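For reference, the structures are reproduced in the following blocks.
There are two complexes below, and they share chain A, which is joined by chain B in the first and by chain C in the second.
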Partner chain A sequence: MRERILNTIGIGLLAVCFLIAIARIVFIRFQSKSSVDGSKVVELRIAHWQLENGPRAAFEALANEYSRRHPNVRITQIPIPERIYGNWLVTQLVGGTPPDLIQLGIGMNDERLARFFTPLSELADRPNPYNDGTPFEGKPLRDTFADGMQGGYYPNLVEFYGVPISGKSFRMFYNLDLLREITGSERVPQTYDELIALCKRTQEYAAEKHVRMVPIAGSKYNGGILMQALFTSQTQKLRERLTPTGMLVTPASMLADRLLHKQWSLDTPDAKSGLTLMREVAQYMQPGFMQLLRDDAMLLFVQRGAVMITTGSWDATSIRQESPFRIGVGSIPYPAPDHPVYGRFTYGSIADAEGSNAGTVLGIPRDTKHPEETRDFLQFLGSVPGGQIWTDRSGWIPSVMGTKTSPDAAPFLPNPNGYVAGFSYLEGGADVGGIVDSNMHNLVSSYGSVDRFIAATSKSYERAWVSDLQRNRRAQADIVQRSDTQVASFLWLARKHPENAEAQHKADIALQGADASERTLIYTNMVLNSKANNTAP
Partner chain B sequence: MFPLHLPTRHLFACVCAAVFAHGLNLCAASETGATPSEEIDQAWEKGATFRFNEANVHFGKLAGKPGIAERERLLGEAITLLNRQPRAQSNITEAGAIFEKLVRENDSDTIAVFAQYFIGRIEQVFLDPPNYEAARRVYRDLLARFPGDVVAERAASHLVLLDLYEDVSKEERLKRLASLETLGNSLNTSMGKREFHINAGQACLDLDISDEKALEHFLLADKEGITRWQTEMAAWVIIAELARTENKREVAIEYYKRIIAKYPSNIRTFTMKKRLESLTGTTVNGSPAPGPAVVSGI
Partner chain C sequence: MPAAISKRKALYEWKIYLFLVPSLLLIGIFSYAPAFSTVYHSFFRWSGGDAKEFIGLANFKNILADKVFWNSFVTIGILVLANMVKMVPSIFMAVCIHRLKSERWQYNYRVLVVLPMIVPSLVVLFIWKFFFDPTQGVLNHFLDATGIKGFLVDLDKLFHWGVFFADVPIAWLGTPGLIIPSLIIWGFPWIGAVGVLIYLAGLQSIGTEVYEAAQLDGVNSLQKFWCIEFPLIMTQVRISLVLLVIGTLQSYGLQYLLLGGNGGPGQKGMVPGLWMFSKAFAAGEFGYACALGLFLFVFILTLTYLNNRYVRVDK
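Presenting the complex of A and B:
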């Protein structure tokens, strides 16, 4: 009897759900066919993983403004969590049912881009009609971006496949109310020593007031950002010593070569100084922070459990909205060259990373049901008016020139006035990262020390660089092989159509990219062979 | 009701679906309305955008079609076969056989240049282990027989990498560089010269052969015109920095200025401004001392 009742309830629930689903489909169908002026309403769907508060509000505002200008177009956001975005997207693309506009990045590679997305070079070369009446009227779309739209350019494919609509940078965030309570002022640290002084003062304050509070909210993610940044300030001069004159950036394969030839190790004074800095700041984060996630650190900060947190500009709107206190923002205070302990290894503050003006890149899948409307909407997103709505509502950095950066976004504008960073202890790759992570407790815990970390890591550290290098070699060989077919195809088309300037240009660019990959491969081969033969190159 | 066992029914359904899909595919192919020349170009375009499997199938479908040049079709089929997924040794062998056949049939047309070039590439990058000696022989022959051909001259830049990055003494490297430079002087195409000089210059740096030689090669490469911005930026920084350390002050200043003007937001540009300031003794616009740009109260 009981079983029968449960079965009836189950079937009843199923039937109700089914009816609701049918009603919903009918409603959506009806809604999509209805219109203000009798014409068919087009619904565009835009998929992204920016679940933070600001961007969703910004997309909503952009959609509303676009629909106001084009009453027959309705835009729906599909925010997908980062963790499942890649799998979800691939399923949509392979199934031929992708949204009309897609954020590029997670789950994407050159092959998928080429197969499933529309090249946008032609769009990039055309003036953006939504820039009419602005200083960029009549200018090609790509020339209206601070980075020349490089964020949407895929060098291996020699094509634009996306339009970047925002930028990003890393910053320190401060609880200004707490800062005033603790120090009597809202002045945020200008130097590394001031940062440490604030950390010490915060600990004293917590002890005096018997409150549970740490100076810096840490997690593997947030603590990692700060610790890596400080480490790279100490390897600026070492990087230069390890690199031939003129190369201001050092490829991982060259660092591996120098490591294998004992030209540096974690015990080298510069690297050791970087580790000392890491340990120093780690003492001001909550115990066991390396086991915590990004959300844990964020929660601690917004609940007044910490005075500071280091994170990316993309978290700014969420922090602002969820924090019941005022927020201060500043660059990471690196040790200056005149610092008595850490100064001798550094040139000074580090420039915000190249390409930091490119984020939230959106592309159009080939299978969109509304290619024309989607292109038009993308042009709107990449215009001065669209960029203005984006930065005003999201609080994120705009990528479009001519937009007035909102006061909220201004502190995050990338600062190019800084020196090139040194290298990170993690630069080798995944295996190096694994070794460092599994031994990090030897560095950052109360019982740890720099020497203990080095002793625990040194044996496996070098081996991890070699295994990462071997993996990189396989990946690089694959790139070179694929580039061969690609470049030959371009060269053939260029030869067949000598009048086609675009074909000539694409062949030329592809060829240069392929040769750069081959140089990396041959150098990596040489390093690994010399390791095998135990000889210097 | 249905006289087949379940697995057999599944198999039957799969076959029906495959036949149906193939039929649809054929219908779609015949409805494109493209000329033979456009159709084969479409296959090449797939190859140019990493859609190798699709390109390879496309070239295959064009076999025997009126108006399609069979040698071009075979070349495309072989080139895309090299990267057909899943990669298989049999594909490499089959592609190699097609290239050999194309060269045997006619060893002097454009197709032959591509085919011979790929015979060398198979030896260098597709075989495991590679046969560098065989690749060198093919490349040298290509350069001798097709002077002034862009594809043939790509062989010169490959030879630079093969010869200089081998595990040999510094003296031997210098000897090899001198020999390669003679080869470089015989190149005719701008692309060929540029890639040759970039590879030679980079080898001079990577292998600590000579900063002076590196500078010379990068300047020659830049003279030919570097159109990929990442390569251009890297080359200009190397030129400026080497010119500074080699006491070629004017060259250094010129290139520092070029970098600052064309790449104002690059991570290396601030350092370039500082170098320029130290060379000229003047302050460069837009280069305030770096420091924490702190803004409170957002």
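Presenting the complex of A and C:
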């Protein structure tokens, strides 16, 4: 009898849970399908990896404001952890089920952009209606961004594919309380030598007080930012030498060509000096930091396990909220040209304003079910009112001109003083990255050295550049093939309707894009053939 | 072997076969269709989506020259052997529970063994990752507190391993020489709930008359294990072995989470599954990844066949 009662209660509970679940689904579906005025509701999904404190609240505020202006549109965020974002995105794109608006960057390359995303060059040339009533009324969208919307421009494709909604800069964050304890002052290092002196003093302090503490909180992510920045300070002059035209632009195919023709290698004095710098700072991070994640480094810093951490402006809000101590912010101290050891390869500090400082760049996939609404929402995000909401709520630096920066974000505004950065050892692609990653322990660990790293990578590094170049060639060929169809259709439209200025404009843009893609493909082919024949390209 | 039945008899109640249709349909869609798609796409240069180029056996030829893939079999071989050794604590635990006189305590121990299964495997992986942290990890704190670290440093000096240093915290996941030991240490004390339950089921099926006879013959505890219990749970051990080999060869989540997509320093933690995953999702070479998957499938199938053929259960 008792068993029967218990069974009945169990089945009853199951039935109640099932009914509640059904009711909840029906309620949510009903809620998402109808708006206040009874019209059909459009739901836009926006995917991003900004899980830091601030941006999610900013996206929420922007979504609410947009829904207030457009009651038939609802916006849902899909925050995906950075670590799996690339894989997740590729799966969504390949499967044909992408969200309506996607943050560009991780897992993205020219081939995927050209294949899965909508070009936004036309949108960039049009005035943004959401800027009406602001000083930018009537101006093309691209002219309303601090970087001219370069963060969303892809030179190999000669197209805009994204709209940057925030800016970024790299900074060193200091635990001011700890800094005072260790040095007796809160002055943050201004030069490279001061940085090293602080690191040494911190190690002495940790030994004196018997505390587990490292000077710099490292991880593959945070340590990588600092080490790459220092490396690129040493390849400034090398980059200039490799580009005799003085353009100071070195695409991967050009760097590969110069590498394959022995004009540079990791053994070149400039690059070697960069590696030496990397090794020097790595000694002040925790052992094995290259296997640690960004969260591990952050945890170490906020738990007073390190005096400083290098990261981007996007982490400022999280660090301030989570640290039980005062935070100081400073620029990355690069070696100056008069530095006795590292000065000969550098022109000086790298300017923040070099290139684009776009932080969060959003693009529209071709498979979106609501292209019009998504374009409109993107225009809102890239407007002065949208930019202001974003900056106020996220605490991040703005990308849209005319928006006021909050005092907290002021230290992160790009510093225009300085020089163009050199190139990084990682620019080849996935295979180059893999070789460097798997051999990095030879450089940064206590048993490592610059020579050991160079010896370990000497053969595979060059091979990886070639295999990355071959992959790029295949991707470029796909892009050319795809753009040929587009060019043909736009040209046909333009010839059939010569009076249609828009068709002419589209044909021009498509032709420019196709030209650039073919140029890249031909150059890549030449580099690979010259490698095979051992001749100059 | 079951006796054959006539076609008429088999189709006498043909309607009952309809009940199988939903299951077969789901298995077909979610298991066999992707498998066939893998075979099909392995002959293409395919980076996802609908655009692909037929390249015949080129992907398979590339596998032959893929050093990383072949090296990954060394790592996986070591891990398979280590996992075989790791079966021992589960067998030991199952025997201990089985020999408990009190049924109530048998039940309590079973619950205690199964309880950790509630914790999601991802959480367990993160906990272990934290254990290995060089500055804040439990493992290094433990080694420092017990003085084992000093012993390891002395051993290092003696054998010139070059992995343990006196004033440097041990970078378990950042030193190539410590990657495989870390992967082996993972999961200590290696008592798997599923394994214990499988062996326990086997042990409980042993008749009491066998134990009574053994007692009359005067066997001790160790003899009881070697001569009665272990031979009689060999069916379960073989099942575990097959599952273990397949699971180890297929798995890469542990390596991915602890070491990243490149398999850690020197790619010492690279396993075939992780290489396949990296090729598909990092390099975008889905066609090649399909070929790798197909190769792995044939390899596992061969090992399973050999296991079934040669690991005999002789009762």
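Following the convention adopted for this analysis, the second predicted complex is superposed on the first by the 354 of 537 C-alpha atoms of A that agree within 3 Å, B and C clash if a C-alpha of one lies under 4 Å from a C-alpha of the other, contacts with A are read in each partner's own complex, and residues count from 1 in each chain.
One rule holds for everything that comes next: a contact is a pair of C-beta atoms (placed from the backbone, for glycine too) under 8 Å apart; a residue touches a chain by one contact, two chains touch by 3 or more.
Values in this document were obtained by computation on a predicted structure and should not be read as measured data.
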**Request:** Scan A:E52 for contacts with chain B and chain C and give back first, second, both or neither.
**Result:** neither
**Message:** One more residue to check, A:D515. First (chain B), second (chain C), both or neither?
**Reply:** first
**Asked** Touch check for A:A114: first (chain B), second (chain C), both, or neither?
**Response** first
**Item:** Touching partner for A:N87 - first (chain B), second (chain C), both, neither
**Value:** second
**Prompt:** Touching A:D392 in the superposition: chain B (first), chain C (second), both, neither?
**Reply:** neither
**Request:** Look at A:D484 in the shared chain and tell me whether it touches chain B only, chain C only, both, or neither; answer first, second, both or neither.
**Result:** first
**Request:** Counting touched residues of chain A, say whether chain B or chain C comes out ahead.
**Result:** B
**Message:** One more residue to check, A:M247. First (chain B), second (chain C), both or neither?
**Reply:** first
**Request:** Would you tell me the residues on chain A in contact with chain B in one complex that are also in contact with chain C in the other?
**Result:** 111, 115
**Request:** Please give the residue numbers of chain B that touch chain A in the complex, ascending.
**Result:** 41, 44-45, 47-52, 54-55, 72, 75-76, 79-80, 82-83, 110, 114, 117-118, 121, 125-126, 150-151, 154, 157-158, 161-162, 165, 167, 191, 195, 198-199, 202, 205-208, 211, 214, 226-231, 234, 237-242, 245, 264-271, 286-298
**Prompt:** For chain A, which residues are in contact with chain B within the complex?
**Reply:** 110-111, 114-115, 119, 146-147, 150, 155-157, 159, 174, 176, 186-191, 244-249, 254, 316, 320, 326-333, 348-349, 351-354, 357, 407-408, 410-411, 414-421, 477, 480-482, 484-486, 488-493, 495-496, 505-506, 508-513, 515-516, 518-519, 522-523, 525-526, 529-530, 533, 535, 537
**Message:** Going by the contact rule set out above, which residues of chain A touch chain C in the complex?
**Reply:** 86-87, 90-91, 93-94, 96, 107, 109, 111-112, 115-116, 212, 214, 220, 286-292, 296, 299-300, 303, 305, 430-431, 434, 437-441, 445-447, 471, 474-475, 478
**Contact footprint of chain A on chain C as seen in their complex** = 45, 47-49, 51, 133-136, 162, 165, 168-176, 258-260, 262-267, 278, 281-286
